[in-house]
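What follows is a set of structures to go through.
Shared between the two complexes below is chain A, which has chain B as its partner in the first and chain C in the second.
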Partner chain A sequence: MNKTFRRTDLLWLAFTGLIALAPLVPAIGSNSFLMHVLILVMLYACMSQAWNIIGGYGGQTSFGHAVFFGIGAYGAGMAVVTYGLPPWPGALAGIVSAAVVAVLISYPCFKLSGHYFAIATFAIVEIFNRMFLVWDWVGGALGLDYMIVEEGFANLVWYDSKTGYFYCALTLFALIFGIVRFLEGHRFGYYLRAVRAGQETAESLGVNSTAVKLSAMALSAALAALCGAFFVQYNLRVDPAMVMSLDMSMKFVLVTILGGAGTLAGPLVGAAVLVPLQEFTRAKWGGLGGGVDLIIFGLLIILIVVKQPAGITGIVRDIAKRRGRKAAAEKGGASLGTA
Partner chain B sequence: MFKPRMKFWIVAAVAVALMLGAAPGPSLAQDKVIKIGTIFPLTGPVALAGQRCKAAVETAVDILNNKNPAIKVPLADKKGWLEGYKFVLVHTDSQGKPDVGKAEAERLINQEGVWAIIGAYNSAVSGPASLVAERAKKIFMCGASSAASLTQRKEMKYFFRTASTDEVESQEFTDVLAWLNKTQKNANLKTLGIIYENSVFGKNAAQQAMKAAAGKYQIVADVPFNPGATNLNSEIQTLKAKNPDALFGAVLGADYALMVKTMKKMNWLPKVSLNYCSGYQDPVIAKQLGADADFFMGSTGYSPEFQSMMPAVAEVEKIFKSKTGGVPYDSDSIQETIAMLVLAQAIEKAKSLDSTKVAETLYANTWPSPLSLSGKVAFVPGGQNKFALSIITQLQGGKYKKVFPTEKADTKPVFPMKPWDKR
Partner chain C sequence: MDTLLQVLLDGMLNGMLYALVAVGLCLIWGVMDVINFAHGEYVMISMYITYWLGFLAHVDPLVSMFAGGLFIFILAALTYRLIIKYTIGKPPLSALLATFGLAMLLKNLCLNRFTPNYRILSDTWLGDRTFQLGAIIVPVPQLVTALLALAVIGLVFFMIRSTRFGWAVQATAMDKEAAELMGINTERIYLLIFGIGGATVGIAGGVMPTYLAVHPEVGTMFGLIAFICVAMGGFGSIPGALVAALLVGFVEALAGYYIAPVFKYVAVFGLYLTLVLLRPRGIFGW
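So, the complex of A and B:
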């Protein structure tokens, strides 16, 4: 073996170890607040990883992912509430619909570049929000409230314990992170990064940038819809303000940017920092009123972003680089000394 | 030892850890403690209303935890089975979001170990949060959420609402129109417009309004808007174009002030305007609007002008005002005090902290409630207070004047509304 053991290998080893230990986590309490936080960390990591495909690897900043997330949520919600079915067929319909909608709205939007693309996706969230608010078939402003149904994997609903939700979130996490890991090493992943680095250059080398971006958007939207289906099953209610809002769209972007866009670990790191901060600050100070928790939460985000615009993975990378340089300098010094 | 950059992050991490660990929680040192969780929108578009609801529950707990012989509400003398018990409140902020409210209900029950929950103001939050309480067999006292659907869930055994619903209010509103047609010369009220925020509260109110008006009045304008709107020009323009004789409004908080100001700007008024819930009845908003708020009407469960009918409120309101910087009760916040006081009476009567037994006791009895217009509270299956009452008032000279039903009225209504240029 001609490779030496590197610091990044150690990180991957720790990451794999944590994932392997994750199934044992329900032992900490099947209905605890900590379990709720863990489920949200995995859900937000998955949502951000879905966004990361087009926003991070593809370099197309979309503020419209709440639309796809909402379509997935409504798919599952309508299956249960409107038609009295298990959520699975609805979730599948939501995933397919989200991919189709993503392609239809992205095709004209991809003709725009930079800030204009981002602004267009902003507008799309507002359009869908208004449309769903007045569309009676999907429940309009009243939304869809779940009735009490039988617990279990068939209905994907649990009331008295969060263990079922935890394993579902873990499966979702493994699936979405697995897909993105696969894409990273696949030709499609290289095309995507090439488009981000320079669309004209990539095209001059034979990459069909439109097809690459549309495929990435469709995949990203489908995975966001899958997360939406889980979200509605977890909260047992869906309305336009909950899922199709700029607030929700910002969460997709914020978590990824905070963790590090265009990296596999970034969404997980971002969610692992942001979600516990959000939940614990609210639990601790929310009851005081006056938004003390939100102020502290906002200040911490500003702190991280100001100190390291490349996100938390950027901080880790910086530290690793500095240590590497220091080691090289010491080694160089030693070599000089012995020369 | 550490580089400055590294030092910064270490200091930041330690500060966060200290902040998370250092904030004080409610003391559990006493043995006889009954923990009650509250869920209200303490931040967000209706934060002011949420803060007042929180203060209202605190007011009730102040009365229950201390001897207050001057206060004429049950248990204020602090004698009986509950003597020696202390109610401890654990407040949470739903931000007006259903998912946050549900998560907080779970945390209150599983982490904080509360015995019951009071909340959640927003109907959209009360729904999922009360479902969590129901599964955990915890009592959920709902003061002010008005969506009729909440108490139409007949399978709910632990959910109780003290306030009136938008179904009852809609019926009252159409009764007012019929009464005006009968008693006012040339009233001729035939057409109706509805303006409502596009939320669970607004949509429910609009649906109930349409149901109540069906076959009696022609609905010529159905105007929803997004809550927190920055302008309502197109909405009021639509109303002006259709010019309904009567207008029903389900408009909360600052949106209500915006609606009135826009109507003035566009120089339009219907003959009569009747409003649901907190926008119209918010004393702070009425004060802000000044004379512009006059001649609008609405359903009111309480206003300071009602004190002659409800003499017990005066002393209680002193405590409430000390928590709100002098702002008096409104129809919503007083319901949260009532909810807490009725819950305490049920515990006292059941002589038990068994939630099922207390819930059964809540259903089985009629509770004296000097802070309610009807003076009593009793629940029917689904948890609705069958004695919930409101009076139709009209703002005249900044005062909420009672105009309907006639047996409770102290003033004649100004009809039609006085035009903007003649005020």
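So, the complex of A and C:
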């Protein structure tokens, strides 16, 4: 017992240390490629962490998060491009509408289970994708292209350096990971994990499973929309294929699965593997990198699901456990020897 | 009236193609409760096989579809042996996620090797032939595909219903442990079911390049539509999948013609959502 406490403490120390050091990075590195990779790692970690709330802790494997991500992205994008405002009110509207849409969609879909729920969420992504493709108000298939606006936090746009984006991503990261960390220890987090472990059992103990799942979904969607708003500010363009596609939805899921679903560190670990892989292959082979990153990622996903469904964090935990057992065995052996 | 008939005919022919793609998935889902997400990619690979055999060796799709069927049989059997086997007994969606990884792998491997270009096979036996039936025009390649679909689906249905192997499959699907106690080698059943499911979709992909362009993304939509057909038809019901596929074909054609082409998939996926929410067990589900 004592030992596990010390290990999580160590993890937290490393984690806070990393965060504390991170603000120094822009000062050290004028390497904008490295900055780009770091920003994307944090963004993907945030996206996966948002998914992790309902998908990991709640056990409801949603493949529909691209819809919420897209709504957030369109919220910020339309505020800037269509109405000439700063992105903030748009992002807020996007977050609220994503949560509302999530509740409206999920309420009927939570009646389905397993594969049927998964396919229903796929279907919803496809429907939203097509609707946005022909919806003129949101820019249709052409999408929205940002015009040049003044740099700074008010407009959340920087052109010369990526330092501003880096701090934004760091704030986002601290916010989302902080929320999930808080939930882990909060009554709501326990309810959520209880529903994952056994819905009927949880209900028999007085947990309102529908309310728990719906609020987790709403929170997850709102945070995904927030990530979407940051994504569009970073890319300065949005179109349906970019944000509302099945591939985007699967990124939420697969990054988390790779790192370890239902754990705090999982999304960060998954993102720290996928993003460098993706960006370095693109830099090396140009364009989309000839799909090499996705070939490797596909292989990694197969290996993880087949060998260790708890993800990379699960593998690390196994190794630590084995080492701990070995140490205990040695100690035990020694005491036997002296006796 | 003639337009309506023409639209309905197109819908039916497309629906039969969807049924041919869906029947293998239905078999695998029904027997093993596994969704193979790489199903659409099997279609794509088989299409490439037909395309390259036609382009390099001038083999007609009607011949090379058997090569596609055989190749996908082997590929699917390997998928089972190397991946699916280890996901049984793991968390419910493991197989789906693992096969999604496989789908990514296969799709991007083809993208990397064959480029994303659209490739069209010309000079096939069936080619662009059509004939008139009253006022409506019947495209021959689609018609042949539909007949082929009927034949394959009939064969699979007969195999499951009326052969010793099929009885063993049904027993395995109902209760794996009890089937094992009766002396059925369920491991071999799973392997063969995966292989046969792959072979049917290999045949589907093999015949498709007579009228569809080949590219690495071509399989994804077929895969999604196949999931929807199987889920709508009812858990593992082959007639259900056939009816659902025809329904999808009709809805797609009608919405595409009378509303707007982009709305055809909105209508199809909307149909799925309404149907599955109203009747979660599907059309023929029990």
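Here is the rule we go by: the second predicted complex is superposed on the first by the 304 of 339 C-alpha atoms of A that agree within 3 Å, B and C clash if a C-alpha of one lies under 4 Å from a C-alpha of the other, contacts with A are read in each partner's own complex, and residues count from 1 in each chain.
As a convention for this text, contacts are C-beta pairs under 8 Å (C-beta built on N, C-alpha and C of every residue); 3 or more make two chains touch, one makes a residue touch a chain.
Since the model is a prediction, treat every value here as computed from it, not as a measurement.
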Inset, instruction - State whether A:Phe33 touches chain B only (first), chain C only (second), both chains, or neither. - result: first
Inset, instruction - Return first, second, both or neither, reflecting whether A:Leu246 touches chain B, chain C, both chains, or no partner chain. - result: second
Legend entry - Partner chain in contact with A:Thr61 - chain B first, chain C second, else both or neither: second
Legend entry - Which superposed partner A:Leu142 touches (first chain B, second chain C, both, neither): first
Inset, instruction - State whether A:Val134 touches chain B only (first), chain C only (second), both chains, or neither. - result: both
Inset, instruction - Could you look at A:Gly291 and tell me whether it touches chain B, chain C, both or neither (first, second, both, neither)? - result: both
Inset, instruction - Classify the contacts of A:Phe122 with the two partner chains as first (chain B alone), second (chain C alone), both, or neither. - result: second
Inset, instruction - Check whether A:Ile302 is in contact with chain B, with chain C, with both or with neither, and answer first, second, both or neither. - result: second
Inset, instruction - Residue by residue on chain A, keep only those touching chain B in one complex and chain C in the other, then list them. - result: 130, 133-134, 290-291, 294, 300, 307
Legend entry - Of all residues in chain C, those that touch chain A in their complex: 29, 33, 35, 83, 86-87, 90-94, 96-98, 100-109, 111-112, 220, 224, 227-228, 231, 260, 262-263, 265-266, 269-270, 272-273, 276-277, 280
Legend entry - Parts of chain A lying in touch with chain C, wherever the complex brings them together: 61, 108-109, 111-112, 114-116, 118-120, 122-124, 126-127, 130-131, 133-134, 246, 250, 253-254, 257, 290-292, 294-295, 297-302, 305-307, 309
Legend entry - chain A - residues contacting chain B, complex: 31-33, 36, 130, 133-134, 140-143, 145-146, 148, 159-160, 231, 235-237, 239, 241-242, 277, 279-291, 293-294, 296, 300, 303, 307, 315, 319
Inset, instruction - Would you pull the chain B residues touching chain A in the complex into a rising list? - result: 6, 8-9, 12, 16, 19-20, 23, 38, 42-43, 47, 50-51, 54, 90-93, 97-100, 102-104, 106-107, 110-111, 124, 127-128, 131, 135-136, 149, 155, 198-200, 202-204, 224, 226
